[in-house]
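Two complexes are shown next, each including chain A; its partner changes from chain B in the first to chain C in the second.
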Partner chain A sequence: MQWSGRRVGDTYFKGDDATVKTVLVVEDHKHERILYERELTAEGYRVILAENGREALQKTQEERPDAVVLDINMPQMDGLEALGRILEAHHKTPVIINTAYSSYKGSFMSWAADAYVIKSSDLTELKDRLREALSRGETEGV
Partner chain B sequence: MVLAGGQGERLHPLTKDRAKPAVPFGGIYRLIDFTLSNCLNSGIRKINVLTQYKSYSLARHLRMGWSVFNSELNEFLEVIPPQQRYTERWYQGTADAIFQNIYSLELERPRLVLILSGDHIYKMDYRELIRAHRDKEAGLTVACVEAPVNDARRLGVAQVDNDSRITGFQEKPLNPQPMPGDPEHCLASMGVYLFDCGVLVQRVIEDMKTDSDHDFGKNIIPRMIETDRVYAWNFKDENRKTVKYWRDIGTLDSYYDANMDLVQIDPLFNLYDEGWPVRTYQHQRPPAKTAFEEPGTGRTGNVFNSIMSSGCIVSGATVRRSILSPSVFVHSYATIEDSILMENVEVHRHARIRRAIIDKQVAIPEEEEIGYNSDIDRKRFTVTESGLVVIPKGMSLRNTP
Partner chain C sequence: MDNATDYVTELGESGIDPGAHAQLLDYLKQLEANLERRSEELSALQRRYKELFEAEQKKTQELAMLAEIGEGALAHHNVDDYIHAAVTAMQRNFNYFDVALFLVDQSANEVALQSQSGGYCRAAQEGYRQSLDVGIVGWAATTGEALLSNNVKEEPRFYCAFPEEQRTQSELSVPIKIGNIVRGVIDVQSQKENAFASRDVSVLQTVADQMATAIENAQLYEQMVLLKRFSETIVASLPSAVLVVDRELRLVLANRIFCEEVGSEEDEIRGQPLESILSPVLLHDAGLLDAIRQTIESGQPLWLGDVAYLCGTGEECVADVRLTPLGTSNEGRLLITIRDVTQRARQIAQLSLLHDMGGLLQRSLDRDRLLYTLLTCITAGPALGFNRGFVLLPDEQGENLRGEMAVGPVTVEEAHRIWAEVGKRHRGLQDLVEAFAPEQIEMTDIQRLVCGMRFSLKESPSAILSRVMRESTTFRVATDAVRRDLCYPYGDVLRTQEFAAAPLIAGSRILGVVLADNAFNQEPIVEEDLKLLTTLCNQAGLAISNAIAHAQIEDHADELAKAYQRLREAHQELVRQEKLVTVGEMAARVSHEIRNPLATIGGFARSMLKNPDDVSRVKSDASIIVEEVEELEGILGNMLDLTRPSGPACRLENVNSIVEHACLMARSDFQKYPVSLVKQLDDYLPEVFVDARQIQQGLLNVIRNGLQAMPEGGELTVATASEEDGVVVSITDHGEGIPPDVRDNIFTPFYTTKVQGTGLGLAVTRKIMDDHHGTIEAQSEEGVGTTFILKVPYTQPVEGTP
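What follows is the complex of A and B.
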């Protein structure tokens, strides 16, 4: 993997451009956090991380990310509760559910997500859905 | 889903200590009894009542009067205060109330969800509404009633095509659009919405993602006209009078008028139809009675064109066109006209009361006059635009001038 950006704290930047989008990745497994951080940074996003729903709410409040990638099964506060809370407090922030389980599609609250991605080692779908969600936000003037 | 969370500010002081759906009505009822009786009479026995402000007396009334559902048959009436599952805020609007209770729908997974208000007076067989909804394969069906153009300014107004499909909807429009061929009337929403559950959840979530009032009438229905099959259902009144009866109890004056609809010789709203019982909670009390018959002294217990609830005693006094809730005691030589007296009001000798609403547990002192001098009344009580005097629950009048 080619790293062309600069590093600030734990965060890699591809460029200094003010148009760089910030993505909050919420994931309780450390190795997966590292994977998403690297892959999405390489896509040109500024990536911030949270380990559970509670931390996700705090980071959403503080950092106002342009999109949230949200796991569901997590300690402290799960992704579905966090999703409802993000919707109440930051209703314009797109959220992409990223889970190993398809069964949560049956949960009404999961319908509030902009996309529902089943985890895979191939992140193509996640990246595609993320790009779509962010471009929708742009056209809607968010 | 019965929405019972409104603050009812315009009904103050009747809502000083209670939620609007818990405001007493017609002697023995509370406002919510009419909607819940419609449910029971329509065979609907899975009910969530969404409460919010001052829900204590409402919850108590429902527990004491409406514990008639059998959980072994999967029936329920749940009183649900705000869960604060996703927010610390109170409900922002009617749609937000549903959004915040999506979990309760998820547990039940119904095919259809009926959304009702806990403060309307009417008789409706919801099964007819459900039939129409299915016939039209609608995503949402809105129960509608013809309303005078002037009244429509405070209601939702619908325009429909020949197939009853709603083509336009405005909430509280300044210039309500009358029905074709009838410039005096509009097609008004009764605040009764039947949704396919999936459509409801989807539309409510979508609405939460927008800057809106999160209100069915203002936001959800107008937007759904573009995306879904939204139909009007013309209210079929189980009250079976010439004029359809539906009252949205919004103000003290409309509350008073709706009560007075019960005491005419042939009342506009019929409580005596055994085919459409209206359920409530009642304590065990002795029968109502009158006392004394002394035509020479004027000390005769007379009650004309009124509702007298159990436990009332009218002793040597005269009551005309009034509603006496349980255990009202009217002493000799007192006169009560065109008034609503709630539980345990005591009217002492020679007092005179006209066009007043007196909330529970108020004692009217001897020779007191209420409703006869609006300047004096205004200094002490709430007086409405039409001159109606309202005395709040438990107010002490002993030391007032």
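What follows is the complex of A and C.
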């Protein structure tokens, strides 16, 4: 919504704050947060972090991220619950589920997510899905 | 005298001295007076003597009569005869007009005329009876008093029984009493008035008393005679031989059966010594004589249940002898009852034999052994004692009979050899049966012979063997028939003249044919042998049929066992698949548990590869990798704890200190949760035999579980207590509780409802408790919390068991 009217090519423009996409990474595991922050920042995103579902919801409202990377198994608020809440408030925000479990793929809630990525040391797939989701959000936003 | 006085007076008148004359005259007158007085005295004396004489004479008569009646009592054992003799004696001796004797019949309230003698003899009818209520007789009978009437016209109690009695003027009735009971009445009548004096009353009473005694004796005697006859009839009709001997063992009495038994008339043997009557076999060999003497000495009855002896025909007989002393021991008479129980004894022996053989047949469920037992029973001396026995069984089609097994000799020489051997070693039926050895049977000549026997039931339907199979009847095939009958094509081979063929029956099924013969001693086969053989074959048939059924059951059992085996395999397969499922679940869980650290490790490694020159970053990345690897190792270690088969290393430990250690180890976990620890430890806890490290781990797992159940905080209580059979540690959280549907699974490996954890903790704890022969259970209430109760028994675990 706030990106409406922007051109497609702007997505790839780096260094301009207005075109830098903000990605919220929700991950309970400290080391993984460090890893995702580093890798996604290197991809040119602004990375904000949340440790659990509740914090994720809060950060979503405050920071209005362009996309959310969400782990499912977390204390305080389960990832799927957080997904529901996020989509409730910001149904246009793309959400990518990033989990060690393949079993949640069949969960009804996870259908609502834009992508479902199984955790791996190779973050290529996550990055691809993230890029796709962001570009789709942009197209839709036109 | 008068003449003498007159003479003296005349003499005085004739001139004799008148003074002297007067004197003489006075004297004479005195003399005359004296004389007259004397004469009167004399006549009085004479009268008195006469009276005395008459009295004496009467007394003598009475005594004579009494004596006669008394003698009659001795002479006549028959009451009727005696009474008649007494009545006649009375009438004759006393010259009574008529004497009658009535007997009282209380039951009919009558008196019955028993005997009569005198004037009314013809008038009174025999068997005359009159009521007890009438007449002088009736009065005497009912009151027991004598009644005399010397003028019956004046006597209201007089009763005129028949017209002739109207001439009776006097009647006297005297009762005959035994004790106080009036048994009869003596009635005397006269056609003169005042015929009887009191003297008659007393005499008749004496007679009545005497008669009473005699009647009683006579009646007793009659009863005795009756009893004797009764006893004699019984003795004579007893089915046993009965005899009585005296002290000198001479025969006093014997009944008909005994006489028949010894073949003599009773008259011939009465008075003869027993030893000349009974056979010495019975008296001496069987010890009867000693027993008789002993019984006479002791006076105690003796029963000799089974006196066995060899009778004349050489057969063994058995007698049942009872010795009963009679009367007092001084008399020394002995009643001997001899009953021939040979038949019964034989039946008992046969029954006992059949029972024994039945018992032997029931011992085995092996067909061959049963057949051998049957054949042994047929041939053994102590059993049926045939020379040989054969069993033929039909083939599967039931068309042919085939020789199956045989016992016995083949030749006369072999027969003698076998018998001599059996004679040397006296073996019982059971020993013979137990000697069964299949391989030895195979080697005998007769077995070879029987194995060659074939008989077609189809071709010879009328032959004996076919009939046995068809009619299931036992046959005896006699000498001629053996050759004639086609059924015995092996008659020549077997060289027998006579044989018995019996069916082996089990219910309605005929299993085969048994043949038995006496080929060598030519002993005839008698009816009894056939009966025994039939019964034995029936028993054997049932036993063999049981054996077959048992074999079938065993087959079924095998099938069942196989089915069970298959089931078990299927079950194991299921379990394996179940395990696979578990393994799958585990894999999923593990993949997650491992994937997280693995992805992290890999991610940082890639990062390091990309920027190998940023030393500080490489360092921090490497330390992260190290930490993640440690976590991986922890997961691996937990898994290994569950699967490692290592048993506990037990020693006596204080559970309180183990609990303290576990709590200490959980300290870092407590820091993650806002949970406070409450310890309630029993200070007087007995030591238990445990592996402290394992129990500590087990407790730690439960404590962590409790902490994770209370992410919102609360109290976790750890308590110890000693119970009757062990030490108990309970760990209580105030979490949400365990939903009922998952309670059964909480100890299952990799089962978890939690976000964190491997699902191994409680499973590991359970395994530890199992290894300690202890228990763990959970009591949970939703919304309230859960208490885990762990119990370690006091008993020392068996060494070596995990």
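Assume the second predicted complex is superposed on the first by the 125 of 142 C-alpha atoms of A that agree within 3 Å, B and C clash if a C-alpha of one lies under 4 Å from a C-alpha of the other, contacts with A are read in each partner's own complex, and residues count from 1 in each chain.
The criterion applied here is as follows: a residue touches a chain if its C-beta (ideal position, glycine included) is under 8 Å from a C-beta of that chain, and two chains touch if they have at least 3 such contacts.
The shown structure was predicted, so the numbers you read here are calculated from the model rather than taken from an experiment.
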Chain B and chain C placed together on chain A: clash or fit? fit
Worksheet item: With the two structures laid over each other on chain A, which partner does A:H31 touch: chain B (first), chain C (second), both, or neither?
Response: second
Item to complete: Would you check which partner chain A:Y101 touches, where first means chain B only, second means chain C only, and both and neither mean what they say?
Response: second
After superposition on the shared chain, which partner residues are touched by A:E51: those of chain B (first), chain C (second), both, or neither?
-> neither
Across chain A, the partner (chain B or chain C) reaching more residues is C
After lining up the shared chain so the two structures overlap, which partner does A:E39 touch, if you call chain B first and chain C second: first, second, both or neither? second
- Message: Tell me the contact category for A:E81 with respect to chain B and chain C: first, second, both or neither.
- Response: first
Answer with first, second, both or neither: which of chain B and chain C does A:A89 touch in the superposed model? first
When the two complexes are superposed, chain B comes to within a least CA distance of chain C, in Å, of 14
The intersection of the chain A residues contacting chain B with those contacting chain C is none
Per the touch rule, the chain C residues reaching chain A in their complex are 588, 591-593, 595-596, 598-607, 624, 627-628, 711, 755-756
The residues of chain A that touch chain B in their complex are 81, 84-85, 87-89, 91-92, 107-109, 111-112
Seen from chain A, its contact residues with chain C in the complex are 29, 31-32, 34-35, 38-39, 73-76, 78, 100-103, 118-123
Given the complex, residues on chain B that touch chain A span 85-87, 89, 102-103, 105-106, 201-202, 205, 208-211
